[in-house]
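Here the chain labels run A, B, C and D in written order, and each chain numbers its own residues starting at 1.
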């Protein structure tokens, strides 16, 4: 214990309260445990942002230095980590971890030390119900994620049967419930509504219930693994809904194609706040830099990367504006209603920290690429396939 | 050796060497440790350090509590997270519905959380304690998972996967952790006192006899079912208190972190490393391992090496100190003492030896390490019943 | 009809769970060792098949010819280096040691394969055939058949061979087995090897039907342990019946009620059955705790 | 007067009948010997009486009180203690602690009290002295030799002062010197009014010690009487040697 205490104290860098040296930014990332996959992408997103910004003069003329700690997807560790980042490593700013589950305790810690927490991957409603004034989510929050899709469906389809299923998750479930509430209010019947626990590995029974309902519209609150599994099960069940949207999974680029097969992807939709070909602020630069740093192709880039990157972008713009590293000034400015730009589009914060300017997009797999289809009139959307092609009918 | 006729008569009896360090050493050690723990936050006020200290205290309370049942009775529970979770939800729900203001008042809920757990442990214990060994282990896990699933599914109570928030005290960051630390320390001292009492009470002796041979104990008038159930409830109480402290510290409660399947594993590991079924084992284990584990996270987490480092360290401890730290240290201490006395006896015996050398030599054929008659081999911690005997 | 479909799904999936659980129960039966690392061994098996498939385009089913002997050797190595040195309190100590082995393996897998979810995706994973209105996914049928063949093989090994006799002798009375000249150490080592090799086969199917990473092992091990206890420690047929029952119960509850209650129902049934039969469905009468 | 009565007790395991309607009576204040060939059901009878196994049928009474299928701890509380053929002591507790286990007190306050009190200790040391284990009082019992463990088990049954003691092969593995001491101690306790039932294969020990000997054969009582009568009874010889003689012939 003594050794640790000594080490903890000793490892504090030259307390960088001064305006020399790099600006340090602390983040706790989940490199092991339940969120390890997304945690790694999150870390890469932050790294890409730091590299990009450093190539463009840093912030306030100072280099950015990222300070990552790993939390093993555990709230206990995330609490320790942010305290270490703030009080031992004396970082100038902190950015958010992965997931609503971890954002909640971390934002409390940041609040306690007067730090602002700009985050991009913790949009569950419970984050904003804490009454904190230091949390700012640059992405669309959970309950609005599917709203663009729901509005499109209501506008273009007669009321139909809809099958819903979601993992019990503080982000996914509110997302699904948001869509369901809107659709039900507009005459769509909910014929299946199934919730399943995180540790489910066998999705066949849920899939077969949905298949048996023959619902033309299927809305799923999935993570990548179950997102893949449902499609596989639907194909095996020979059930091809007209409209299929999954919260997450189809957005995973080549991993998704590999998992479900290239000629099965056509017509599948996914709500997203970002896509590789987006023309938003600094997006192409981010994409090319990411590929340079981590390899792969543009389609390989996880949305987590862009989300993390946008959190950094908002921080850059805000700090460049206030021209100081003061967190209280930063908080004040973020609450001022100023508009920011990010790879995910414009950002403007509500008092509770939600991004009111976020327009969740809907993307659709067409001919082997994930295309931006909704909303019409923002960016350069491709025409939507209103009816999903049958399985195996190519992209 | 034909062990049966070694009936030591008064004269030949070996000088008794106690199995525990003398009382003064134990009390002084305990006192020093307490003083150290009491001033620790003053010496290292950094929040990152005190935060680890709070988590250490939480696990310390849980480990002592777990040991009261599993250590003393020998029934290894891997489902005590059930009470960790119930403790967390109790505190969060009470704080919410009874409008308990955040801060010191919240700590008043800890005994309530403990009691709720102890009460819940009675029917649960009644069911799971009917079976033994592996079946018992799995039943405890099953109960824990059932409770976790209930926390997910009873949305109107628990808000399901969205979890519950606790409002947090307005204490400043620089001394935010200290109240939690000291409350945890008090809880740990109380838990230790309970453990100490159980260890030396008539009741606790019954529990220990159940660990060694439950059926034999029943034949000596011990109501095994009731004895186990009481220990199970006491143990649930302290694990519940630990959970009750954790909830306001983290500020939120989630089904998967309240009813955490890895919680018991973590606690069991602490207790095993420290020395299961001993008073000091859980204390040593928690004070050593939790900070170490957090340190590994902080140091190697990024390189993803901490899992490997932790696993290797764990295997080394198991290999080198299979009985746990506390019993191994006591054994070592005793061995040193025995050796020293033997040396002293030898130097005294030199003249006598010269005279009796022939006799000694003839007996030395049988036992080369002839010395004063030796007490049973120092396998105090986990002796196997009559394991080294031929008489069977 | 849906219920019938759920039952069929449960039976098919239960088959390969039995394979993974069979390895666990066998190892326990012979050595009283709770192989807590069986979950990560399954994941390791899945990764090996994945690597062979992606880099060398070896069909996952074919890859077992390589992975199973490989994992068999790993099992033997783990026995000699980790289990054999344990002197006392084998049940608990082995659980802890294997927990540590699992932790190290998880760390290594994380390093080698990163924590991105992967899945073995052969073209035929999406195929299925129908009988009446019932759907049989090819992959589950293959996996089920393979599991039955492998389980039958192990069964044959246990009950029809000389090695099986020594193994069962060690299972029933290690001391006596040693007295009649059976090298219980090698028997134990081979058994752990077989148990781990079974995990490799189960892992291949797991990797075909699920996306996975090293952390997937936690959900697996808690399930496998429940299956083994349910079926009775040491009983292969018990493991098969328990796996099928577990999956059928979960699937049927998921269909007629809700997936979130599927596992609860299974655990409640588990508790009820164990209260009546503490030794599990087909387990030998538990040794009295003495 | 009979203190312990077994009437028509039956117990079978699968197809094997261990007790086939066993009826016998044990006299109060006597040292009863219970003999019979291996597998005649002696240990099963002990298990049924002392609450370790349940009888399929029949009745066991202690001082006229029905104790059939009572729990082991209840039977003990009514004043019946037993030892086991293969000693069962508490290996991880010290010798002294082993003794204290047996003297559980009824009542809440007694349970709370430390067993390290002076009165408790002196009482236990007295008994230890009695069996000659005093120097080993603080040693873990698992380290004792087999003979010492036998004595320890005898001691902790003694310390609880049951009115009936069932001893299952107390002489097994104990050397002749100790055996004589053990017999003396049993006699001494018997003088204080404790009834003994002793299962033993050492015929010399049984015949020299017991007032009355009961013989079991194939799960039933065969005969009972004074040692000389039993020794002279041809049925007993037949029961013991029957199978051997047939094989020989």
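One rule holds in what follows: a residue touches a chain if its C-beta (ideal position, glycine included) is under 8 Å from a C-beta of that chain, and two chains touch if they have at least 3 such contacts.
As the structure is a computational prediction, the values presented were derived from the model and not from experiment.
Set against the Cα centre of subunit A, the chain with the most distant centre is D.
As a whole-number value, the distance joining the C-alpha centres of subunit B and subunit C reads 32 Å.
Chain centres here are Cα averages; for subunit C and subunit D they lie 47 Å apart.
For the pair subunit A and subunit B, the distance between C-alpha centroids works out to 42 Å. Remark: subunit A and subunit D have CA centroids separated by 73 Å (rounded to whole angstrom).
Counting partner chains per residue, subunit D shows two or more touched chains at residues 88. For subunit A, residues touching at least two other chains, in rising order: 31-32, 168, 197. For subunit B, residues that reach two or more other chains under the stated contact definition are 149, 152, 213, 215, 304, 306-307, 382, 384.
A list of each chain pair in contact follows: A-B, A-C, B-C, B-D.
In the complex of the two chains, the subunit C residues touching subunit B come out as 28, 34, 82, 85-89, 91-93, 96-97, 99-104, 106-108, 110-111, 218, 222, 225-226, 229, 233, 258, 260-261, 263-264, 267-268, 270-271, 274-275, 278-280, 286, 288-290.
Subunit C makes touch with subunit A in their complex at residues 1-2, 5-6, 9-10, 13, 106-107, 110, 114-119, 121, 123, 125-128, 130, 135, 137, 206, 209-216, 219-220, 247, 250-252, 254-255, 258-260, 262-263. Residues 40, 43-44, 46-49, 51-53, 55-56, 149, 152, 159-163, 165, 167-168, 172-173, 176-177, 246, 249-252, 254, 256-257, 287-288, 291-292, 294-295, 297-299, 301-302, 304, 306-307 of subunit B touch subunit A in their complex. The residues of subunit A lying in touch with subunit C in their complex are 31-34, 36-37, 39-40, 168, 194-197, 199-202, 204-206, 208-209, 212, 224-225, 228-229, 232-233, 235-238, 255, 258-261, 264, 391. Within the complex formed with subunit D, the subunit B residues making contact are 3-8, 10, 13-14, 16, 18-19, 197, 200-203, 205-206, 208-209, 211-213, 215-224, 277, 375-377, 379-387, 389, 391-392.
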